[in-house]
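Next, two complexes with chain A in common: one pairs it with chain B, the other with chain C.
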Partner chain A sequence: MISSRQRALVEFLLDNLVWLMLIVVLAVFSLTIPNYFQIGIFANIIEQSTFVGVMAIGLAIVVIAGNMDLSIESTAALSAMITGILFASHGIGIGFTTTPSWLVLPLSLGIALFVGAIIGALNGFLVVKLKMNAFIVTLAAYIWVRGLVVAISGGRSAQDLAPEIRFMAIKTFLYIPYIAWVAILCFAVFTFIMRKMPFGRHITMIGGNAVATFRAGIRVDRLVAISFVLAGAISGLAGWLLAIRTSGATANLGVGMLFNAFAAVVIGGVSLKGGIGQLPGVYAGVLLIYSIHTAINLMGLPAHYTQMILGGMVLAAVLLDTAKLQIRQKLA
Partner chain B sequence: MKRLLSTLLGALAIAAIALTTPAFAQSKGKIYYMVPTLLDEFQTESVKAIETFLKQVGYEPVTLNADNKTDLQQSQMNDVIALKPAAIVLAAVDFNALKPSIEKARAAGIPVMIFDRQITSTPSDLTSVAGTVEIGYVAAGEIQRLLKEKKGDVKGKILQVLGDPADPYTLDIQKGFEEKMKEFSAVQIISLPAMQWEASNAGSIVADQLVANPDIDLIFVHAAHLAVAAVASLEAKGKKPGDVMLVSSNGAPVGLDLIRKGWENVEVEQPLYAQAAAIAMFADKVVNKQEIKAGTYKVLGLDSALTIESWGPNLKIPGAAITKDNVDQPQFWGNMKAPSDPIKPVE
Partner chain C sequence: MTEQTPLLRLDNITRNFGAIEALRGVSFDISRGEVVALLGDNGAGKSTLVKIISGGLEATSGRMIFDGEERMFNSPAEAKAAGIETVYQDLSLCTNVDVVANFFMGREIVKRYFGIPVLQEKAMYDAVEKAITNAGTRIPSLRTNVEHLSGGQRQAIELNRFVHWGGKLVLLDEPFAALGVEQTRRGLEMIKRVAAQGIGVVVITHIMAQAFQVADRMVVIRQGKVAGDVRRDDTSPDEVIRMITGEAMIGRAQEKKPPLHA
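Our next item is the complex of A and B:
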């Protein structure tokens, strides 16, 4: 028989397991890999986590609501390409300017969010109104939206965003670029929304048991649709940030990020069955993935190791999830 | 009844006109271009160039995109073989995996021309390449020059950013480059791949390495679109143009822009227009199964050596090193000025 204090400690450890893993991994890498332990590398990890991190927020919300969104990567790519085409001055960029010049920042952000929200709304409509399977709907969007990126760019790239936008990737605060602060801010805001606001609590309830939630008088369809729109808009934001980082867009920008986002969500403790998961855990998952990416970059190992390690970690995370559930049942 | 008759007569008239139009009469048949991907400016422009040049010599070009998937390209080859076209132009996703498809096409009497990505493991009817290993050689020569100019000797630290490690194209460039750099023991090369040729992956590699190895003298990236991300990372680390030397390959428009802005020193060009023009120049000979003779041929003004190898006629077109001195020359495909003079078939 364990005391309530011990139980609380075990619960705390289970809830924050991914953070513990992150600390252990960072400590091991710092001790064993030359040049790893320095502020510049940690700042790089946070910066590189920005895009997948932001995408993972939207994905996590949809997954917690008991659905799936495979379109986030392509949606981000579309937003990045539209940002590039409109506001970059070389390649296929048309170099659109505003008066005053700073207006280009909110304008480009607004367009990127809008583009993402449109894709999300379409997904939401097909899933909620036409009762189509979310996996298939968003898989189709993953394919057709990437096709749209290639179609509107003609396979070419847009380069050289205006300095009024680019400063977000160049200027730093506490060694961390502004774009990474945007990601951190997003995690803070959406953590608050998911924990403290009715929307977040209802989304979690829907993922846990949609029928019971509906019977409790909550508008399930409306909230599920909003979760898709949010995921789309957040992916649009990720694409905007990605375009800023690379100072434009290429047709294959963001390829492969969907799987990293999924890995982060699962490693971060979000249940693919819905109803369980917290965004800080997802952020820890993203940081963990990019700590490993950076370690592999510094060690000069073939990049395939990253994929092998990531695959292993996703499996381990699912096993841990099962183990956590069993431990919790024993504690109860 | 009257209306029916007039409709039928109209349809017959249209069919007759269609059958006697010069375009139909001139067509020498369909040639399929199997492009490996369209997520790359070189490939996108190659489609335009090959289609334009093949039309000029009387063929009807059709392009199929394999989306970087070997299995898809194999299936496309099977489908195209069933359609019995005049010829196939293949830029293989995987150099070895397409060997059986090439053999199957040739066994069915369909000639296969290899574009850009050399296949030496089985015979083909014509190969038009710049040579990926040779791109590595040219890059090595230029990098030796740059290091010597800056440091007085060929020494220093080089970060080599490859493309996707599963792509033989980037591995061949690496092979050529490292072979030529081997003799310089004072040069340290750090090689890392940008998975899936994705720009932000290249940017992350550069950002990490600039922190771990701040004494990097030169960055060599295997594609111009990766150079853009590399520059973004250099800029984010407070570097100015020229602080770290940059060399890239393939000659895409973005690479040429970076040279003009002073960020990039050399772009090793793949002579896309000449490679594509060569396909059109030799198309008649290949389709009619006529002998192709070894020798030197002028392809869009470039002296190109055609040799008869164990895998068939092999036309190697020299890749050029683009620097700030010659960046504006119109023959570089990165300047997007496709040759206006029509291609003439080889007699």
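Our next item is the complex of A and C:
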């Protein structure tokens, strides 16, 4: 038997393991890789983490509720493409403008969120009402939504967003561009929702024991559906940010981000069994992935190595998840 | 017991699962402040009946009059809103969150800031601490996740939860299955205390001694029908056991003898 204080300490470390890993990795890279330790590099890591980071929020919420959403990457691409087609002025963009001109910012954001929410709502409907397996439903969406992106773009791209939107990726505050601040703000807001609001509490409990929450009078189906809509809308936001960053959209925009988001969620300590996980940990997971990315770039290694390391890290994270569970059981 | 409209009247409730008739017309009443022990062999239909009353399952036919109104609950949320609390046989706890969160599951105390509901952890913690202390249950820390607690402690949380929330009618499905001797005694006391507040209580149990200790009336379910409905003072454990096993179809049974199956 160990004292409750020791147990609290071990639990705290287990819960925040990913932050510890991030600090260690950054320290090691800073000491061993020339030019790694500078503000510009760290700001760049945070900027790169924006898109996968935002996507990972939605994925994490769905996974914590005990489900799965593989469609986030394609949903983001669809939102980005629709933003590009409507508001970019070259390529397939139709260059839609508004008076006053600043209105394009909220308008494009609203459309991107709406597009994402619709895909999410469809996923939610199929999972909740038709009782289809979430893995299959969202895998199908991953495929058909990407197909839709290629179809509406004809494989071509849209370029040049209006400066009223573009400034989000150019202007910086404390070395970090506005779009990255949007991601950080999202993490803060959704951390609050998950920790301090009944919605987050209920989502967590549904992931732990859906039958118990149903019996307690919580509207499980409704909340699970909302989690999918949220994941879709958040992916829409990620797509909007992506379109701003690239000042337009291409048909293969964001390919591969799903696996990064997935890796971040798992590395960040979200259990695939549902009910366990913290959003700040997920953000740390994203930062960790892009820290390694940046290190590989700086060392001049081919990008394939990133994928190999990432794959290894996902395996390690799942292994860690199991190990943590065993440690917790021993503590009990 | 005063003669008034019963708290809950079940009128010819049936439930089929495909070709299987789990309930074949169950009727009985529960008054306010009355403790009814629901007895019966495995598979007699007790749990099915509890699920129908608590909104977890729909009846195939029949009527339910609760608190003077004809009701059929389509979800546990509706039943709960009407004042029916249920403690299930397989515990209804989320082991991935702490004791406080479980206690307030679905009924969290919130305060609205600009319309945004925010959980009031301190207020909930204090309420749980009070309820747990009053019941004499010992739990090392209310902030521990339930997965770290023993079976007895988990059941104690469930029992304290229903005592705290009260309502009008409480359904207990084998509530003492995982409890020790002392905790069971406390649990039985808790039931009496709850009933004394005018709340109707239905206890499903297998243990005759418990039923006789706590219940005012015994309702025996056999093969989906009421095989006996007797006041505790008018019967004996042996007689109840005969009703459960079907050895005696005594005159006090509400229903006529069920037709024999070919």
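Keep in mind that, in the parts below, the second predicted complex is superposed on the first by the 328 of 332 C-alpha atoms of A that agree within 3 Å, B and C clash if a C-alpha of one lies under 4 Å from a C-alpha of the other, contacts with A are read in each partner's own complex, and residues count from 1 in each chain.
Here is the rule we use: a residue touches a chain if its C-beta (ideal position, glycine included) is under 8 Å from a C-beta of that chain, and two chains touch if they have at least 3 such contacts.
Small disclaimer: the values here were computed from a predicted structure and weren't measured.
Student: Who does A:Thr250 touch here: chain B (first), chain C (second), both, or neither?
Tutor: It touches chain B, and chain C stays clear.
Student: Between chain B (first) and chain C (second), which does A:Gly124 come into contact with in this model arrangement: first, second, both, or neither?
Tutor: neither
Student: Can A:Pro198 be said to touch chain B (first), chain C (second), both, or neither?
Tutor: second
Student: Going by the contact rule set out at the top, does A:Ile276 touch chain B (first), chain C (second), both, or neither?
Tutor: After superposition on chain A, A:Ile276 lies in contact with chain C alone.
Student: May I ask you to decide whether A:Ile218 touches chain B, chain C, both, or neither, giving the answer as first, second, both or neither?
Tutor: In the superposed model, A:Ile218 contacts chain C only, not chain B.
Student: Regarding the shared-chain residue A:Asn209, is it in contact with chain B (first), chain C (second), both, or neither?
Tutor: Touch status of A:Asn209: second partner only.
Student: Identify the partner contact of A:Ser4: answer first if only chain B is touched, second if only chain C is, both if each is, neither if none is.
Tutor: Once the two structures are laid over each other on A, A:Ser4 reaches chain C alone.
Student: Between chain B and chain C, which makes contact with more of the residues in chain A?
Tutor: Partner with more touched residues of chain A: B.
Student: Would you sort A:Gly154 into first (chain B), second (chain C), both or neither based on which partner it touches?
Tutor: First partner only.
Student: Residues of chain A touching chain B in their complex?
Tutor: 34-36, 38, 40-41, 44, 47-48, 51, 90-91, 150, 154-157, 159-160, 166, 169-170, 177, 242, 245-248, 250-256, 293-294, 297-298, 300, 302-304, 306
Student: Which bits of chain B are touching chain A when the two form their complex?
Tutor: Touch residues, chain B against chain A: 38-41, 43-44, 165, 190-193, 195-201, 203-205, 207-209, 211-213, 225, 228-229, 231-232, 235-236, 252-254, 257.
Student: Please output the residues of chain A touching chain C within their complex, sorted ascending.
Tutor: So the residues of chain A touching chain C come out as 4, 196-198, 201-202, 204-205, 207-209, 211-219, 275-276, 328, 331-332.
Student: For chain C, which residues are in contact with chain A within the complex?
Tutor: 54, 56, 75-77, 80-81, 86, 88, 91-97, 101, 105-108, 110, 116-119, 140-141, 147-148
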